[in-house]
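Presented sequentially are two complexes of subunit A, the first with subunit B as partner and the second with subunit C.
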Partner chain A sequence: MSERETCVIHAYGLVDRAYSSLSMPTGIGGAPVTLLPVDGFAALVSELDAESYGPGMWRAHAEDPRWLEHVAREHHEVLQAIVQQTDVLPLRLPGIHESPARLEQVLDEQRADLTEGLAHVRGHVELGGQIFLVDRRGAGSEAQGSDAQQRPRSGRDYLRRRSAEAEDREQARLRRQAKVLDAHEAMAHGSTRAVVNPPQDAALSGREEPMLLNAAYLVPRYDLEGFIALAEQVQDDLAPHGMVLEVTGPWPPYNFTDLPERVSAGDTR
Partner chain B sequence: MTVHDVGMHEDVALVDLIDRLIGGGVVVTGDLVLGIADVDLVYLGLRLVLAPAHDVEQTIVLRQSRSPLEA
Partner chain C sequence: MDDSRFSDHAPTARPSPRTPTFVGTRGGQPQSLADVLERVLDKGVVIVGDIQVRLLDIELLTIKVRLMIASVDRAREMGINWWEGDPFVSSLEQNEQNGERKQLEERIAQLERRLEGSEKDERT
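After this line comes the complex of A and B, so read on.
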């Protein structure tokens, strides 16, 4: 595309059709968001000034966290406002196209996959489920009671005790791991699809408690309360082991845009 | 149990958002106007949004592995 174009089309996501009743949020850089109807669905788009958001700017800011955070947040806020009203299939950043006609053309080329992608999230939202270890002295680790209070009688006694403590810690870790798996299994069972992502590093999450599960669940809209009730049971089960479950959402279904068994050519995941 | 309603954008933890944006979303082929190399740079950049610049390599949350449930 020519970089001398004055406008680019930023695509946020896809909805079933060009609903006239959707309340449109403000887009990136304050631009209006409109619906571009194509055959089979409609794309949420903004016409953006190429000087601010064109390919040149993406290149210039590819390593600029502040600019990317701004674009990422505004991209997300549009999808978040829409998912509260209707089902939406998020598109990946950077979603810029040279013209509505060109976007329409590429959407048309991928129509079968995109239609299927929309069908997979129809009637659903994403909920995040994260489990944190808040207290290492959970159930089962009380073994370090009276014995540990006394001073070791000998070097051999000291080593024996150290080894017993290490064994206790390992046992506690395995019990927690089993509980985390049970928790995930229960929530996966209570949802349509589930994805487990690598736990976020404490340096990124800004939290001291280690994250033991970083999962996302695709939950039917009609069953949100049921899923929350299930999550509360899961939490009751985790609490005695020093773990807490945090549920976030409803999110646009970012984690569920892969078609099962098929990955599109440009997907670097 | 805590349920964080992300309906209000102020409540969205940046790390949770970037976590989703880096790996999530459908790739529409035409959006690769930047060329593959540049797109990779964008994802590196998105990680930089979160990470202290000096230890990005160590702290990056990569989404390549799909089932690390090790506690």
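After this line comes the complex of A and C, so read on.
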């Protein structure tokens, strides 16, 4: 593993070919982004200073959120600017390579999979769908009104009341769960593919509302308005239960770079 | 970030809107750091064969990053600390993460043992 090189090649993602019309954003650390054409597609790359972005820095900063945030955001900004112009297959960080020739070689070795990967996202973008619980007293759990304000008359009364409250909470939770599943099913059906991720930790999302669904949907570019209309219907269904849907994006299709192994629910429509 | 949220810690009284919130799609709020990190560091195509030739290295880094993303301590370092004194948020309706965390930590230990092993092999 050599760390003597003064430059490394950072690869952001792949596009169909070396379009001359692409407007190139600024890359990591202000470096220019260029297209490296290879057989079958082209890679978006920047030449970066090895002292700042080489393997040694990656190893040193693997658990340093500030450094990672900086690199991740700038990597993402490039892909975000590109996905607004054409289809792109995002590459995962750390995406550093010794030289353009070396990158070309590894891309060539994985050409069949990468070409297929690009084909699967062609004409598509990713939309995020997250459901948050904003009001725990949603439908059916209004029972904790004036009665709950009064002091319990006895220990037994107190325990009875606590157990009834716990039962109400559990029922409300089950109703919400069913609604979240319905919502996801509707959006999965209205998209080409769907992926469900674990809910984000509240500490990172900075949200006090619990996240009940953290999903991503691969949506045809021509059907974005249709998906948004569907999201509006889904929200109508969630609102009475104290939940809110947030739709994020359009993103580069980060969540859809695995080759689909089986037909997803959305493909059946 | 919406400061009005912080003054009202009780899980009540925010009416559910009739329309979804659009982030990015309609020029509204910017994409959140959590959403960006989750995608950029944990998704996307892995191209093997770069400077870090060893797959072990890459997997180890990826897992550490994933743990970092989910770590409260790290979030605190990033200056996200609103949750302190608000215990209900971390406990409710989020029970899968502890199991996943344990699995990932076991995988890290396993990879580190294998890395140590392969480094010894290189020396001999």
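Heads up, the rule we're going with is that the second predicted complex is superposed on the first by the 241 of 269 C-alpha atoms of A that agree within 3 Å, B and C clash if a C-alpha of one lies under 4 Å from a C-alpha of the other, contacts with A are read in each partner's own complex, and residues count from 1 in each chain.
Basically, a residue touches a chain if its C-beta (ideal position, glycine included) is under 8 Å from a C-beta of that chain, and two chains touch if they have at least 3 such contacts.
Please read these numbers as outputs of a predicted model, since none were measured by experiment.
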Practice task
Classify the contacts of A:61 with the two partner chains as first (subunit B alone), second (subunit C alone), both, or neither.
Solution key: first
Practice task
Check the residue A:245 against both partner chains and state whether it touches subunit B (first), subunit C (second), both, or neither.
Solution key: both
Exercise for the section: In the overlay, answer first, second, both or neither for which of subunit B and subunit C A:117 touches. Expected result: both
Practice task
Go through the superposed model and pick first if A:167 touches only subunit B, second if only subunit C, both, or neither.
Solution key: neither
Practice task
Go through the superposed model and pick first if A:182 touches only subunit B, second if only subunit C, both, or neither.
Solution key: neither
Exercise for the section: Quick one: classify A:108 as touching subunit B (first), subunit C (second), both or neither. Expected result: neither
Practice task
Using the superposition on chain A described above, determine whether A:213 touches subunit B (first), subunit C (second), both, or neither.
Solution key: first
Problem - Touched partner set for A:157, first subunit B, second subunit C, both or neither - result: neither
Problem - Which of subunit B and subunit C A:196 touches, first, second, both or neither - result: first
Exercise for the section: Could you give the residue numbers on subunit A that contact subunit B in one complex and subunit C in the other? Expected result: 1, 11, 13-14, 55, 58-59, 62-63, 65, 68-69, 72-73, 75-76, 89-98, 102-103, 105-107, 109-110, 114, 117, 128, 133, 173, 197-201, 203-206, 212, 228, 231-232, 234-235, 244-251, 254-255, 257
Fill in the blank from the handout: Touching subunit A in the complex, subunit B uses residues 1-7, 9, 12-21, 23-34, 36, 38-46, 48-52, 55, 59-71
Exercise for the section: Please give the residue numbers of subunit A that touch subunit B in the complex, ascending. Expected result: 1, 11, 13-14, 55, 58-59, 61-65, 68-69, 72-73, 75-77, 80, 84, 89-98, 102-103, 105-107, 109-110, 113-114, 117, 128, 133, 173, 176-177, 180-181, 184, 195-201, 203-206, 212-214, 216, 228, 231-232, 234-235, 244-251, 254-255, 257, 264-269
Exercise for the section: Write out the stretch or stretches of subunit C touching subunit A in their complex. Expected result: 1, 5, 9, 11-25, 31-54, 58, 61-62, 64-65, 68-72, 74-78, 80, 82-83, 86, 89-90, 92-94, 96-97, 100
Exercise for the section: Please name which positions on subunit A make contact with subunit C in the complex. Expected result: 1-2, 8, 11, 13-14, 54-55, 58-59, 62-63, 65-66, 68-69, 72-73, 75-76, 89-98, 102-103, 105-107, 109-110, 114, 117, 127-128, 133-138, 173, 197-206, 208-212, 224, 228, 231-232, 234-236, 238-252, 254-255, 257
